Amino acid sequence: MPTAFVDILTDNFGEFSSGFWVTVRLVVVAFAIAMVVGTLIGAFRVAPNKWLQRAGGLYVEFFRNIPLLVLLILLFYGLRDKNGPGIPITGFVAGVLGLGLYTAAYIAEALRSGVFSVSKGQIEASLSLGFSYTETMRRIILPQAFRTVISPIGSLIIAMIKNSAVIGVALALDDLLKVGRTIQSRNFQTFETFFWAGVGYLILTGLVTVVIRQLENRYAIKR
Amino acid sequence: MRSTHWRMLFAALAAMSLALFVAACGDDEETTTGASGSQTTATTEPAEEAKKFEAGTTLGDIQKKGEITIGVKFDVPPFGFKNTSSGEVEGFDIDMGKAVAEALGVKPKFIEAISDNRIPFLEKGTADLILSTMTINEERVGQIAFSDPYFIAKGRILVKKDNADVTGIDTLSGKTVCTALGSTYEATLKSQAPDAKLKLVDSYSECLELLQNDTVEAISTDDVILTGMIIQTGDELKLVGDQLTQEPYGAGIKLGETEFVDFVNETFTKVKEDGRYKASFDKWVGKFTGEEAEPPSISVDEAVELVKQNGK
Amino acid sequence: MTLAFFDWFSENNNGRYMLEGFATNLEIALIAIVFAFIVGLGLALLRLSRNRIVSYAAGIWIDVFRNLPLILLVIFLALLLPESWRDFWTDNVPGWAPEAFESGLILGAFMALILYNSAVLAEIMRAGILSLAKGQGEAASALGMTYGQSLRFVILPQGLRRMVPALVSQLITLNKDTTLVSLIAIQEVVRRGRIVNANSGNPFTGSETEAPYLEVFIFIGILFVAVNYALSRLSRRLEIRERKRTGTTVEQVKGLEDQVAVEPA
């Protein structure tokens, strides 16, 4: 590689690096939120109670069909608006909340199909052995369901990594893409700068792919 | 079952068509900002003693055509912007343009000249004159001809009216300041206010959004743009601090047209002296910033030197 | 919320302004998916090529573009686009095109959308084609068809049918992704929403009422949810229809937010 190309990376390594870690933080926190909320909504969706199912359904339909950018603007500019609630939510919190709640809808659906893939016979057997519904869920169904959904959840994490790039430019946060854009505005080397930013994202998605494959080999239940 | 399938398809397509239908039908009124186009404004006063130029010269040809095409901004109040209720283009640059047209005895036709187009328009002849918040700098002086400066934009700081902490560039340490990516203000702020926290964004409209919801405490750029923000937000913001940089604006003319340049300079001098300059300034700028009109009296070369001093 | 909820809507043609913007989003999505389909099909065929090098190279291309953030591609291409291309576009845009398409930047936006989605669709198509029982391909060659003929008459028609639900699903995702072009200042609904908010509440711009972000963007959200929900119902209908047609043991190609999963029905 010509030296100039690599120079763009080395000259700005500090900034690139800090942007990289901001992206990592965004994804990790958003994933935590998404798993918690997603499991909850997933549980609603498979609950025997029709109202819970419907509530879960509404959540999923809303958060799957609304654009992430609109959600982020709602949470950040909408809540901070002086002509509105005026809640001083920070860019980072709005970002992880938006990304987390958005992805939770997909996790809920993935879990739902995971639960359904566990044979009905197990539920019946468990209930007849005297386990309550919640215990059945917790001890028998969900652990198996989680093992089925390792692959889809891996895909969702990759989707989150890509979606996180919107947070920086939309909410003026210095994540990897925003940092790339800032560096480019100074050096005008568009191709090289965005190349390195892109490499950063590919590293993240590549790592996740590898880890998920390992987890699949060890834990996944193939049906 | 076929029919239900078609019903569903129809419903989905209807949903998508509805918005398209609403857009396609209806009057062709002008909606809000954004559309580019041209404006022909009739001068209100008859041309007084318009100097006659020979046919075949640039000015003569313009007089023969009866109109002069002037490139202005359509989205930078108060210098050049489209008034959404009247549909007319207005502002300080427009006033200067009208003065030149009047002195020539022709009608002004205003077209939109965004920053990237300004010089190409002159080179191609799409516009006769450019009055589009254009800074006189060394690079441009080689490509086009400039009139003497008619306005000096200063880099300043904008804060909320009730902000008593930030009064100038030295009070910015620890505060968040917003400016545009790639602007000269990024460098200026870094050198003159190294402890300030910079938020860099793609456009000044985003800076304004961030100021309004308190994500940033201040915005720094040309007082021209900052005044536009003051206008846009009613009574919430104020300019503080001394000038950080100076950007002298000049009217752009095709390179080599010395007669044209002299004519514009003559017109500008008259405007500065007979009170029209002050009237326009007060109407478009002074009313919002409370500043006094200071018609510049420097030459193009001095302007170029001034710009070189910025950021030092 | 005051009682004057949503009254900015009727002021100053704001409502119409926003709906026109929304129409732009849908137009961008439709144009992009058509081109992405064509390019994606080409990519998929390259990927399925029996030439190892071509197949591998196509695979790398697809993997790279599927794993890059779309917004990165949008901003990258908008910045990279040479001014000459932009000028060419602005000079040649037909008069009946919506206002948003007048800027040369839309070219960069389309390139990014097509680049990204063609890679995603290529994977969907490949999965769809591969999901066909091997027997089909073998039967076709037993009947004397060449590889190309078997593709054209047997494999593609069926494979592409399988992926219609995934295609509609990708259209839904594309509808949402069109909002990203607001970040390069294209006049679609999100950008217009912010402009409406900026111009509101100030007599200088001719506005009397405030248009708070919450109201404006809940409105925009509802627009998208409504259209995308309708599309997702359509997709489910098509899926059921396909299943009934071809029997329940057939594999379906589903799309889960840009990823592809081939699942048994």
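In this document, chain identifiers A, B and C correspond to the written order of the chains, with residue numbering beginning at 1 in each.
Here is the rule we go by: a contact is a pair of C-beta atoms (placed from the backbone, for glycine too) under 8 Å apart; a residue touches a chain by one contact, two chains touch by 3 or more.
If you're wondering where the values come from, they're calculated on a predicted model, not measured in any experiment.
Trainee: Starting from the defined contact criterion, work out which chains touch chain A and chain B both, please.
Mentor: Under the touch definition, chain A and chain B have C as mutual neighbours.
Trainee: Just the chain pair, please, that has the highest number of C-beta contacts.
Mentor: A-C
Trainee: Using C-alpha centres only, name the chain that sits farthest from chain A.
Mentor: Chain B.
Trainee: What chain sits nearest the middle when you go by CA atom centres?
Mentor: C
Trainee: Using Cα averages as centroids, what's the distance between chain A and chain B in whole Å?
Mentor: That pair's centroid distance is 43 Å.
Trainee: Please report how many Å separate the Cα centroid of chain B from that of chain C, as a whole number.
Mentor: Going by mean C-alpha positions, chain B sits 36 Å from chain C.
Trainee: Which whole number of Å gives the spacing of the CA centres of chain A and chain C?
Mentor: That gives a centre separation of 20 Å.
Trainee: Where in chain C do residues touch at least two different other chains?
Mentor: Counting only residues that touch two or more other chains, chain C contributes 183, 194, 201.
Trainee: Which positions in chain A touch two or more other chains at once?
Mentor: Chain A, residues with two or more chain partners: 77, 81, 169, 181.
Trainee: For chain B, give me the residues that contact two or more of the other chains.
Mentor: 202, 209
Trainee: Mind pulling up the chain A residues that touch chain B in the complex?
Mentor: Touching chain B: residues 77, 80-82, 88, 91, 169, 172, 181-182, 185-186 of chain A.
Trainee: Can you tell me which positions in chain C touch chain B when the two form their complex?
Mentor: For chain C paired with chain B, touching residues are 12-14, 16-17, 19-20, 22-23, 26-27, 83, 98-99, 102, 183, 185, 187, 192, 194-196, 198-199, 201-206, 223, 226-227, 230-231, 233-234, 237-238, 241.
Trainee: Touching chain C in the complex: which residues of chain B?
Mentor: 1, 4-5, 8-9, 11-12, 15-16, 19-20, 22-23, 26, 29, 31-36, 83-85, 116, 202-203, 205, 208-209, 231-234
Trainee: Which of the residues in chain A come into contact with chain C in the complex?
Mentor: 61-62, 64-71, 73-74, 77-79, 81, 83-85, 106, 109-110, 151-152, 155-156, 158-159, 161-166, 169-170, 177, 180-181, 184, 190-191, 194, 197-198, 201-202, 205-206
Trainee: Hey, which residues of chain C end up touching chain A in the complex?
Mentor: 64, 67-72, 75-76, 79-80, 172, 175-177, 179-180, 182-183, 190, 193-194, 201, 210, 212-215, 217-218, 220-221, 224-225, 228-229, 232, 256-259, 261
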